[in-house]
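There are structures below to look over.
After this come two complexes, each holding chain A, first together with chain B and then together with chain C.
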Partner chain A sequence: MTTVIQLTINGMAIGAIYALVALGLVLTYKATEVLNFIHGDLLMASSFIGWGLIVVLKWPFWLAVLATVAIAMVFSWVLDARVMRLIVGQPQFAGVMLTIGIAFTLRGLVSMSFGPESRNYPTPWTNQKTQLGGVVIADLSLVIVATALLVTLALFWFLRRTTLGVAIQAASQNQLAAFLSGIRVKRLTSLVWALTGGIAALCGLLLAPTALVDISLWFVMIKALAAVVLGGFGSIPGAILGGLLLGVIEQFAGVYLPDGYKDAVAYLVLIGVLVLWPRGLLGDAHGRRV
Partner chain B sequence: MRFDYDTSYRDGQALLRYGSGRAAYAVLALLLLAAPWALGKYYVGEMTYLFIMCIGSLGLMVLKGYTGQVSLGHSAFLALGAYAHAWMLGKGLPFALSIPMAMGFTALIGLVIGLPAIRVSGLYLAMVTLAFAILTEHVIGHWDAVTGGFNGMSVANPVVFGFDLSGLRPFYYLCLGLLTLVLLGLVNLMRSQTGRAFRGVRDSEAAAYGLGIWVSGYKVLAFVISAGVSGLAGALLAHHVRFLTPEGFGLFLALELVLMVTIGGLGSLRGAIFGAVLIGMLPVFISRIKPMLPEQVSKQFGLEIFVFGLILVLFVLFEPKGINGRWIKLKTFFQTFPLYRKDLFKRGKTYMKSERYK
Partner chain C sequence: MSPQAPPVLSVRNLETWYGPVSAIKGVNIDLHEGRIVTVLGANGAGKSTLLNTIAGVINPFKGSVEFRGRPIQGLDADVVALDGLVLVPEGRQVFPFLTVRENLMMGSFARATPEGLEDDLARIYGWFPQLKGREQQHGGLLSGGEQQMLAIGRALMARPSVLLLDEPSLGLSPLLTREIFAIVRRINAELRTSILVVEQNAAIALATADDGYIMELGRIVAAGTCAELMVKDDVKEFYLGGAGGAPRADGRKQRWKRRKTWR
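Up next is the complex of A and B:
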């Protein structure tokens, strides 16, 4: 029984990261209909920036976190306002290709400037553990879950309760109608990109101490894609649920299934859900229009 | 300027209508045939690699350029072709039998992957194929008994009717010959009813359906053909690299293939060749200019990814029709010499297909 609880909690900790990454993906997808492949690489780049600030420049941890998030937000804002806007109105796949291209460029830049070695940086919670009713939890996992929860709640409040958030929702449902009601659609789109960038930076900073600061960190994005699909494409609560569920599934697969399944199970889930049940857990049903 | 004026049915059917085109292709053929005797060993090997990449790129073009189905995981089909071929050669099958069987095997897998494509399309299909590529790499890495796992697997030499074709020049001619066969086959397929149906499905599924085209059938058929051709490329690649490892068929190869068709120009076989040649030559070119760069940059391995990404970004932003689009513009410029207008190929307004509520 303890094993099951332990696995579930470990899974939730990993799943919280997936959920956060998935949340960022869904946000941009809802607002701009672009599947943002930059997300994973921005996450990876932020963890490198965080490492640079904390280890090389010896900044305090919290200041470094704030600075990294700010850098990622400004970068995403500029990216949307200067680059992504050029292809508005082109077929959906142009956006995918463009983001893949930018992601490659970013990955190349990071690996050119930092080199292939893996790194690590200290956090206030490194190597600390908490006992909860016979289950041992790393403090870092608790922080990850708490951050995920906090970001989700803040976002929920922002999108539901503030004028700006409602405007974003309106723009994502019908850009023209929103524009005619006096909403500055372009600026809001950039704002959503900036928000996503900030979330990516946060994910990178949280993920790096549990794994390592490494180029391959971007791969978490493909796992997050599986989470998005599992939860139902384009649904924010679905992304959170899918992420947590995927983390738990992975942990259980690692223990109860033969060796090698742990890394593959996310992709099996992705294919299986898309083929058998494309709506996902909480997805909206929408038919395809001609 | 040239106006088409048919004097017999054969004029409309000819692959190359005009003497100038025939002469140009004849010169190209002669150059390619003479190349291995004029170039150094290294360049013959590189050109062979380019031919193989051309076949792979043609395979993806059928799917992405002609039926509009996005696959981000075509490296999987190359991997399956390569491993199936190497395994069958290892079991003692002759080369001439093993190649078609490897193609058939990949085509069969393409059928299995293509069947869900009836249900999912667009971004969803891209994600399914991406996941499929990662899974395939994973399975190959872990199925030690057949594939040798991460330790790799050596490939037997290609022997056709008693002739060993593993030498540099014979293998060059083998690849060139197979590329020509594939290219001619696809050119003719795309001019036929099947090709027109593919394009109909790409441009509007509903309209194609309304015209009596069996949409799901043609979608799966495109997958099967594409997978088969990619399998051939994989089998040849197996001989080129001589030692197969799962890492050689990773996501990077898949994205390289997508890059080839996108940069070349979607919806044209010539574009697939252009793209494959450009992207295939890029690593060589980069390694050439590396000594000229400051040491800090040239030492790192990320330079290649950086250049790939930059090229993709520039093409998507400034020349969405790819190299082939540029080629057509150049050709029109010279054919209509003083009359070319700058906005002759200006895109009309296009609207994004949206999933928003209206």
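Up next is the complex of A and C:
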């Protein structure tokens, strides 16, 4: 029984990361109709920037976190305002290809400037554990779940309760009407990019201590895509549910299934959902209004 | 008309292309302060293109649009709306998954000042009482007529000085059409908003507006006050479905093979 609880909690922690990454993907997708492949590499680059600030420049941890998030936000804003805006009106495919190209460029830049070796940085929670009724939880896991929860709640509050957030929803539902209502759609799009960039940076900084600061960190985006499909494409609650579920499934698969399934199970889930239940768990029942 | 004051909206020699297709050409239109102007025309005459070009949805190929003396052609639609020139686009463009109230509040982005927001909301609910009853419902769940009202109401939340309406009667029952046009008159009378309305329903548009233009194949072919237009034979015959032209020898009207002269 303890094993099951332990696995569930570990799974939730890694799943919370998947959920946050998936949340960023869905947010950009809903607001701009672009599947943003830069997300994973920005996450990876942010972990390197965080390492540079904490280990090389010896900045305090929290300051480094803030600075990294700010850098990622500014980068994403500029990327949208200067690059992505140029292909507005092109087929969706163009946006996907453009982001893939930028993602590879970013990966190359990181690899060139930092070198290929993995590294690590200390956090206030490294090697700390909390005992909760027989279950041992790494503090890092708690921090990850708490951050994911906070970011999600803040985002929901922003999108539902603030005028700017409702305007973002409006622009994604009917862009023409949004323009004609005087909503600064282009700026809002850049704002969404900045927000998702910030989320990617947070994810990178949270994920790196559980593994290592490494180029391969961008792979988490593929897992997040599986989470997005599992939860229902375009649904924000679905992305979060899908991420958490996927994390838990992976943990259980790692213990109860033969070796090697742990890494494959996300893709098996992806294939299974697409074949059997393409709408996903919480996909839009009403379809898309054109 | 009041020739002494310059028009609040003045379109000069406007020309718009969709790729290789010319949509409107050499269009001149004046909208004077506090008046209702209608542009009539059949399908494909270029009426919607004209409004979309004025509002900044499409960029013109050449020509100018002056709004309160300032050129606005080629500006983005949101910038034009923030200036106080607001288009209600064709076909009930609402935000389907926002509530009616949120839909209306989105219109207030283009307001010059947040003052009087609640008063304006109350006034719009007064004009369109159906919307009040559905305040918390999603815009996509409203009926066609209610969605049109919502789109007009949202535009009014901007307190525009010029309101452009693109076929407000599209797909509405005759009763609802009359209701919408009655509101258009009231908006003009109570808020002194200058209105440019594009219509296919010539009878109600000519009855509502002060001045009219008639568009065919992307050009303006006739202009005048609505009273003048209503007595033109061509207008009567081709737009009002009334008795135009001379009767034939057998007393029946020949309604074919007649050319429009626009005289």
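As a working rule, the second predicted complex is superposed on the first by the 284 of 290 C-alpha atoms of A that agree within 3 Å, B and C clash if a C-alpha of one lies under 4 Å from a C-alpha of the other, contacts with A are read in each partner's own complex, and residues count from 1 in each chain.
Please note the rule applied: a residue touches a chain if its C-beta (ideal position, glycine included) is under 8 Å from a C-beta of that chain, and two chains touch if they have at least 3 such contacts.
Note that the structure is a prediction, hence the values are computed from the model and not measured.
S.K.: Specify the outcome, clash or fit, for chain B and chain C once both structures are aligned onto chain A.
M.R.: Once chain A is superposed (C-alpha atoms), there is room for both chain B and chain C without a clash.
S.K.: Give one of first, second, both or neither to describe whether A:174 is in contact with chain B, with chain C, with both, or with none.
M.R.: both
S.K.: Just chain B (first), just chain C (second), both, or neither: which does A:86 touch?
M.R.: The first partner, chain B, only.
S.K.: Answer with first, second, both or neither: which of chain B and chain C does A:183 touch in the superposed model?
M.R.: The second partner, chain C, only.
S.K.: Would you sort A:109 into first (chain B), second (chain C), both or neither based on which partner it touches?
M.R.: Touch status of A:109: first partner only.
S.K.: For A:58, using the defined touch cut-off, is the partner it touches chain B, chain C, both, or neither? Pick first, second, both or neither.
M.R.: neither
S.K.: Using the touch criterion from the header, give the chain among chain B and chain C with more contacted residues in chain A.
M.R.: Per-residue touch count on chain A favours B.
S.K.: Considering only touches as defined above, state whether A:161 meets chain B (first), chain C (second), both or neither.
M.R.: A:161: touches no partner chain.
S.K.: By how many Å are the closest C-alpha atoms of chain B and chain C apart after the superposition?
M.R.: Here the least C-alpha separation of chain B and chain C stands at 5 Å.
S.K.: Considering only the contact definition stated at the top, list the common interface residues of chain A for chain B and chain C.
M.R.: The overlap between the chain B and chain C interfaces on chain A comprises residues 173-174, 289.
S.K.: Show me the residue ranges of chain A that touch chain B in the complex, using the header's touch definition.
M.R.: Residue positions touching the partner: 33, 35, 83, 86-94, 96-98, 100-113, 115-116, 172-175, 215, 222, 225-226, 229, 233-234, 260, 263-264, 267-268, 270-271, 274-275, 278, 286, 288-290.
S.K.: Show which residues of chain B lie in contact with chain A when the two form their complex.
M.R.: Those residues of chain B that touch chain A are 70, 116, 119-124, 126-128, 130-132, 134-135, 138-139, 142, 204-206, 255, 258, 262, 297, 300-313, 316-317, 320, 349-358.
S.K.: Where on chain A does chain C make contact in their complex?
M.R.: 163, 166-167, 169-170, 173-174, 176-186, 289
S.K.: Which residues, counting only chain C, touch chain A once they are in their complex?
M.R.: 55, 57, 76-78, 81-82, 86-89, 93-98, 102-103, 105-107, 109-110, 140, 151, 154-155, 158
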